[in-house]
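See the structures that follow.
The two complexes that follow have chain A in common; it is paired with chain B in the first and with chain C in the second.
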Partner chain A sequence: MLQPIIEVNNLTFQYDQRLEDKVLSDVSFSVQKGEWLAIVGSNGSGKSTLAQLLVGLYSSLLGSIHINGIELNETSKWEVRKQIGIVFQNPDNQFIGSTVQDDVAFGLENINMPYEEMQVRVEKALELVGMTDMRLYDPSRLSGGQKQRVAIAGILALKPSVIVMDEAFVMLDPKSRRSLLNTLHQLKEKEQLTIISITHDMDEAATADRMLLLEAGKVKEIASPRHVFQQHTNLEPPFAERLRRKLSSKGASVPSTYMTEKELVQWLWK
Partner chain B sequence: MNKLILGRYFPGESWVHQLDPRAKIVAAVYFIFVLFLANNWQTYVLLWAFTFIAMRYSQVPIRIYLRGVRPLLYLILFTVFLQILFTAGGKIYFEWGPIVISEYGLINGFYIFCRFVMIIFVSTVVTLTTKPIDLTDGINALLKPLRKMKVPVDEIALMLSISLRFIPNLLDETQKVMDAQRARGTEFGEGSLLKQMKTLVPIFLPLFVSSLNRAEEMANVMEVRGYQSGATRSSFRQLYWKHRDSVCLCVMITLTLGLLWLRNEGLFH
Partner chain C sequence: MVMEIKFDKVTADYQLGPIRSPRVLESVDLLLETGSFTAVIGHTGSGKSSLLKAMNGLLLPREGKITVGDSVIESEKSKKAFKKVRKQVGMVFQFPESQLFAETIEQDICFGPLNFGVPLKEAKEIALHALEQVGLDPGIRYKSPFSLSGGQKRRVAIAGILAMRPEVLVLDEPGAGLDPKGKSEIMSLITSWHNDNQLTTVLVTHDMEDVATYAEDVIVMNKGKIVVHDRVRNLFANQNVVEKWGLDVPEARRMQLMIERETGVTLPSVCLTTDELADALMEVGLV
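Let's look at the complex of A and B:
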């Protein structure tokens, strides 16, 4: 087996040292290169804290994080951040540039990239998220979803090997959400991009390679979506699974195992 | 808020619009200094001619310039009247105690009026024809020499551009907070001054707190995207010095020479 791109070992974290309860306790997992990991869990289960720990915004109490073999700490965090990017939830506070293209270029300016190369990268990133026509717009003319796409473009322009999405698709309408997810899936295939997406959207989580279920700061389960949805029936399941359960409770003789949308359609056709 | 014309941008494609912001800022600041060279009516005519040409070339309707003068009108009139009433010299038309209306007073008053209006006009030409972000770029470029004196020029520029970018957001938020408080029964702009000031507290506090949250989140985003204060950064926005910018500065020099000549010689002295 290859060395995993992200390795988290016995991570423990709490905001206030005086308090007993920990936000994260003894979290361990690893992610392979080119994998899509969805982190799910109810509010307050420590998802966002985990995301911020991964990019070095907080430092852990105990345990370690290795990204591409480098251990994340105060001195290495700038090096590590060249490989890992994060998209946050609130699009307004992520928009630093004064126009769309300036914002996409912000990260590139920080690594002191020459102007000509920057132009190419910005162009390409805007194309990926479908914002080329709006490159000269200022943020006040954009909707929440459009700003979110710009934020994603800003990360893509940096060409990181890992992208963390902290509920980044919340503000998007279903159509652009689907198209962006498609783009990311393609990038993941083509460039071996590793994606960690924190989400409440189970349909989105169901398309991931693996799911990490977080409960009260502990890893409850890390497995394929199929397995997770089968084991943890208290989770809000994706649409196809909901339909299967409904049918099953109405007395139809559906298979008793989890089914993806495709499988369900095929089964219904038969 | 709508009355304030300074700092507004009037989109267009005119000759002045296409000037480099650096050239425009330098020219406007220079003009304000050169203004004090004027000392007789010929020089004022020349300056007025220049101002009008600049205004015409900007292709912005005159009424917008006039609107820019309006909020400052009282200040201008106040200064002008003080000049008229307390300057002595020349032929005296009216005298009552310390108050003297004299020939010099009237002339001085008129000159001061001209100066004020021209300063406003010329600075509005710049702000109306330049996008705020280009202005910041211009200021940034012009401040660059100060780097040697350890002035954090890039940080100042970044602060300026982030503030500019957040003005609409903060205005929106203020409006939202006001509406939310109004929905809960707060009445704005009523009662005594003290009462009115008190009703502002439920607007300011939420705004203040949300600004702090915003700042923190933004600092995180900037950090994660690799922003390190003091590090060398390249720049995506580039300024290009063109022919017309050199022309603009040449015009300023010609103007100065003209002023100096008229000032000493006087055409019809």
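Let's look at the complex of A and C:
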């Protein structure tokens, strides 16, 4: 078995040590290179905290995180951050540049990339998110969805091996969301990009390789989407499964197990 | 109280010093009736948020005028004239929790009413009531708003708007970033507020489920213009229009079209919800 690109062991974290409640307790999981892991759970379950721990924005109370074999700590975090990038939910929290292209270039400037290469990278990243036409705009005056695309471009330009996205698509319209998800799925296939996506969008989560369900700071389940939706009926499933359940509750004779959209349509057709 | 919103050939852009952005609203004509619930959809950057801002004078028209109830918003009017409009039109921005600022939740909610001249004692009563309305325990009112979770913060922010007793409620993606449960709670809250108080409500959203579930009318924006203004069901029934503007349809409708294509069976009605689709499937005997 290959060494996983991310290995999290017994991670425990709390913001205020005077309090009893742990934000995360005893969280362990690993992610393989080129895998897409969706992290789901209700607000306050610790998803964003976990994301920020993964990139070393907080340090854990107990437990360890290894990225590509390197243990994440105060001294290694700069090295680790060359391999892992994060996109936050609200892009307003991360804009630096006065134009879109400057903002995308900011991360590259920080790692002293030669100008020629920087130009190529910025161009490519803007193209991937479909923001090439707006490269000279002021990022603060873009719409919510455009800002999110710029934030994603800023990370793509750095070509990290792992991208952590903390609900990075919430302000995108459905079409742009799908096209960006497609782009990322392609990058994952072509360049073995590892993606950790925190999301409330169950249709997106259903396309992941695995899902991690967090509940009150604990890993409730980490398994294939099929398994997770089957086992945890309190989780709002993708549409096809909702329809299957609705049909079943209305007394229709439908199969009793989880169905993807394709399976349901095929079943109807027969 | 009549709270119609009317746009007359409104054109607007953002001006920052010498820099003029392209027009964000271009010759927009619009009439929203009192008590209507309208969803605004369109691609990112099509002018949805700008349309909302124009409704309470945050974005001034360069040409044309906007009428809200009996107030008129025009470019040459003095800013003071907008005070009334801003009291009447309650605006919930994207990520409203980022505008929380006060030391306690109570102070935060009282801020709006106090600014509009409500005495402190009364403002506190209003705050208490608003907290109940958004489903929070009034006992938390002396806590810092920053100690709350994301979903709770958003409720406090919305309570701050409700406390101003607006007659028009304008919301920019109020559910973004909330989990499905939190989101449906916020949306039901808004719907019951809308119904109980006969508000004129405008909701910007990317989520076609919201459009199908909560709104009666829908506006489609494209490049600063309103290109469709119709009943929700009419819009989604008309596949040509949907495709022309590159819109998404609610999941149930999408699935309906897929099933119709694959099986060759046409369902009797346009289905916008899981319930409707399940019924239609059973009616034609596919299940």
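Please note the rule applied: the second predicted complex is superposed on the first by the 268 of 270 C-alpha atoms of A that agree within 3 Å, B and C clash if a C-alpha of one lies under 4 Å from a C-alpha of the other, contacts with A are read in each partner's own complex, and residues count from 1 in each chain.
Everything that follows uses one rule, which is that a residue touches a chain if its C-beta (ideal position, glycine included) is under 8 Å from a C-beta of that chain, and two chains touch if they have at least 3 such contacts.
Since we're looking at a predicted model, the values are computed, not measured.
Applying the stated contact rule after C-alpha superposition, one finds that A:Val170 touches chain C and leaves chain B untouched.
Looking at the shared chain after the overlay, A:Gly63 reaches neither chain B nor chain C.
Using the contact criterion defined above for the overlaid structures, shared-chain residue A:Gly34 touches neither chain B nor chain C, since it reaches no partner.
When the shared chain is aligned, chain B and chain C each come close enough to touch A:Asn90. In the overlay built on the shared chain, the residue A:Gly130 is in contact with neither chain B nor chain C. Once chain A of one complex is fitted onto chain A of the other, the partner contacts of A:Gly107 are limited to chain B, with no touch recorded for chain C.
By the touch criterion defined above, A:Lys82 reaches chain B but does not reach chain C. Taken together, the two complexes place residues 90, 92, 138 of chain A in contact with chain B and also with chain C.
Across the complex, chain B is touched by residues 52, 55-57, 78, 81-82, 85-86, 88, 90, 92-99, 101-102, 105-115, 118-119, 122, 138-140, 154-155, 158 of chain A. Taken in their complex, chain A has these residues touching chain C: 41-44, 89-90, 92, 138, 141-146, 149, 167, 170-177, 200, 202-203, 236, 239-240, 242-243, 246-247, 250, 252-254, 261, 265-266, 268-269. Residue ranges on chain C touching chain A, taken from their complex, read 14, 16, 19, 21, 41-45, 48-49, 94-95, 98, 149-151, 173, 176-183, 206-208, 246, 248, 251-252, 254-255, 258-259, 262-263, 274-275, 277-279, 281-282, 286-287.
Chain B contributes residues 132-133, 161-162, 164-165, 168-169, 214, 217-218, 220-228, 231-238 to its touches with chain A in the complex.
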